[in-house]
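Each chain gets a letter, A, B, C and D, in the order it is written, and its residues are counted from 1.
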Amino acid sequence: MREDDEVSAVGGATREERRRDPSRVLALTDGVFAIIITLLVLDLRVPQKDSLNGQSLATVLAQQWPLYLAYVLSFLQVGVVWANHHTMFHYIRRSDHVLLVCNLMLLLCAALLPFTTAIFAEYGLAGRSDIQLAAFIYSAALGAAGIFFNLLWQHALRARLVYPNADPDRLHALTWHWRLVPVFYAIAFLLALHSPYLSVCMYVALLFYYALPGPFVVLWMTGRQSRRRGRLSAARH
Amino acid sequence: MREDDEVSAVGGATREERRRDPSRVLALTDGVFAIIITLLVLDLRVPQKDSLNGQSLATVLAQQWPLYLAYVLSFLQVGVVWANHHTMFHYIRRSDHVLLVCNLMLLLCAALLPFTTAIFAEYGLAGRSDIQLAAFIYSAALGAAGIFFNLLWQHALRARLVYPNADPDRLHALTWHWRLVPVFYAIAFLLALHSPYLSVCMYVALLFYYALPGPFVVLWMTGRQSRRRGRLSAARH
Amino acid sequence: MREDDEVSAVGGATREERRRDPSRVLALTDGVFAIIITLLVLDLRVPQKDSLNGQSLATVLAQQWPLYLAYVLSFLQVGVVWANHHTMFHYIRRSDHVLLVCNLMLLLCAALLPFTTAIFAEYGLAGRSDIQLAAFIYSAALGAAGIFFNLLWQHALRARLVYPNADPDRLHALTWHWRLVPVFYAIAFLLALHSPYLSVCMYVALLFYYALPGPFVVLWMTGRQSRRRGRLSAARH
Amino acid sequence: MREDDEVSAVGGATREERRRDPSRVLALTDGVFAIIITLLVLDLRVPQKDSLNGQSLATVLAQQWPLYLAYVLSFLQVGVVWANHHTMFHYIRRSDHVLLVCNLMLLLCAALLPFTTAIFAEYGLAGRSDIQLAAFIYSAALGAAGIFFNLLWQHALRARLVYPNADPDRLHALTWHWRLVPVFYAIAFLLALHSPYLSVCMYVALLFYYALPGPFVVLWMTGRQSRRRGRLSAARH
């Protein structure tokens, strides 16, 4: 928090006064993500000595494999949401009240991840209707998180909270990169109607796509467009 | 933490020595709020496969609706307390020992929110006397938090811990904005004697009122006063 | 973390290289204290609807009073340890490996506080020998924390990790202020042999004494000494 | 986060754009470590008054000694991993996407420590095959953490994310210091085939070796080499 900024903000106009350094918003967010990501390990249960019922420890631990898979996938999922939040706030230099509220709503949805994954871990091998329900809940929570993620970004762009000299092409590419998140999860939601397994495949695909450093697909398409535009304008001259 | 400040504070007069950068106070506070807000999700229980008793997963999850409502409302309640703390420390540039103690007492009360909400989630559909007790406890905890919130702010103003060029009108408006918090919760406490449901309605109204960016009502009244004063002084000339 | 410092430290002499900005040590410490302080609220149990056994909710909640007392006292105890850590690091501007290790050992002891308090909450109304054991454990944990607190401070002074222009009188007063902590808890430990209740009274007294802003008693004694010395030197001339 | 850096990074070339201040990576990491380290205390169970079965509290608490040993050793183990992370980021001044992913994978493995230690605490006095399994799991988790630790450091060196004027000899020594971590844990894994007790001895030895401030052994060997080289070049002249 740079003091001069603060002072000028506090002593300045009313609208400017409500614009602040986002450092505390990030502190709360990092704290929440650190806790979500660490709470996941609490679901890995060490079997009590008395409850082995003559089975070996190795057998009992091996039977818990859905728990391990759920741990790794949720850890990565929370990590991917955090990494995208990190990318977004790389471009945001001021926060205001609307941004703060959008961020809280995003955290509210993201904090559901341990719950939605636990349903999968418990019912992932159960009947088809239970997996379908688990897929509905999972898609809904991440889709809602995606919507607030977009509202946050749209607001930051509209209220000029981003760095003034950020590359507009890149901001545009990121806008499209993130705008697709709720669309993808809406598709995953509808896919679950037909087959929850397809829906799960889509989660894994999305997990890895959004783990990539940035808007690759969008940049590739924009790049192709701008190259085409470049060729057209070169042909005209 | 800017080094020159620290050095001058450390080598300076005894009174000045006890005045510090509030960054660690904020780090502890943000940590506590991040944990309170994330612990709430632990109350969302995934029903065990064995305990379904022939009911479908959907039915069991749907029956848990008070848990979901409690999750959303507590998340927002903690978020609103944090957002107001964020607003307050936007104006505070130094901390001292009294501020530190007031802040700890505020955290002590705010950390009770998961407990007070859990009582509501468990007894919200029980008999009238139980809801009344839940409302008493909820009002008392938030009212006490409000009192320490005010003591903190009063002390910061009196001990000149705020930024010296902050707009005095705005500081005054914020003082009145926050001074009403314990009054409102005292009213909610007394309302619960008559009808705990009215009390609950008041919590929701207060939740949304204090989620607004700042002292709207107070500013509107002050604005009206200053406009009237303006008109009076214009009429005199 | 100021970059020039870092760069010079990294490119500098080997001994200087191991001296660092203490910001990450503080981040870990504040995180640990925030979690300790917030975990305490998990011990406040909401009685399940089914387990009331015909008693009213109010009765059951009222019977839990040792839990509430334990919550308030542990919260204050953790807060007081944190506040003293805050005071100490107000004077420390560099960290090295020994400081880091002392700080970890201090955290190891401080993180036991929820456990040692929970023993009191469970056995505080039990037989005399159980309370005596609880008092032994409580004194030992806080005494050990006090020893590492002192080792940390002694090392910081000896290795010149404090701000160079800090008032030496104040540093000396703080040294004595903190040196008494393990002594006091050793006395509390021995008192528990005679009467655990006296021991408990001593904890409360120490809690409030170390909640005060600084080395009041030590400063008052030093002040008297320096006034006497002043008078003596005035008489000589 | 220094604003000019950010601005230039944001407005700069695409490759530079993806390089960032590592402060948020550290905030998440410190949060995760603070939670891992504090969650360990939750395993220290206060025996319920009703479950004493006529035994004295002292006897029951004394019988829990593997829990206390596990608490102290895990606390130190987590602390040592954190201290080495702290040392590494002392030299890193920029982060990029690969670094962020390696760090997340490192956290994923480190967050398993409470789980792997709990297996030891539960089965440490059980049959030989159970201790062997516990040793396999423990070695595997810490070995995997070591691999990601090395990938992170290798990437930081290759992508020039370290401070440009850092001492190359020291960077090289650290590289060897950390490169041995997965090798040591692979040996501990294989040792467990022969005798799990030897494996446990190796953990304790490694714990204390990596608790030392830096690459002592490596520096001593490098020092001997450079002294020999010095003597050789002196002999030549």
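In this text, a contact is a pair of C-beta atoms (placed from the backbone, for glycine too) under 8 Å apart; a residue touches a chain by one contact, two chains touch by 3 or more.
Source: prediction; values computed, not measured.
How many links in the shortest chain of touching chains run from chain A to chain D?
1
Between chain B and chain C, two touching copies, which fits better, same or different residues at the interface, with half of the numbers shared as the threshold?
different
Working from the CA atoms, figure out how many degrees chain A turns to land on chain B, in steps of 5.
90
Between chain C and chain D, what's the gap in Å when you average each chain's C-alpha atoms?
Using C-alpha averages as centres, the distance is 27 Å.
Taking each chain's centre as the mean position of its Cα atoms, how many Å separate chain A from chain C?
For chain A versus chain C, the centre distance works out to 39 Å.
Two-or-more-chain contact residues of chain D, please, as numbers and ranges.
27, 30-31, 34-35, 39
Using the touch definition from the top, list the residues of chain B that touch chain C in their complex.
1, 3, 6-7, 9-11, 14, 17-18, 20, 24-25, 27-28, 30-32, 34-36, 39, 96-97, 100-101, 104, 107-108, 111-112, 114-115, 118-119, 122-123, 126, 129-130, 133, 137
So in the complex, the part of chain B that touches chain A is made up of which residues?
Where chain B meets chain A, its residues are 2, 23, 26-27, 30-31, 33-35, 37-42, 44, 46-49, 56-58, 61, 72, 75-76, 79, 82-83, 86, 89-91, 93, 163, 165-167, 170, 211-214.
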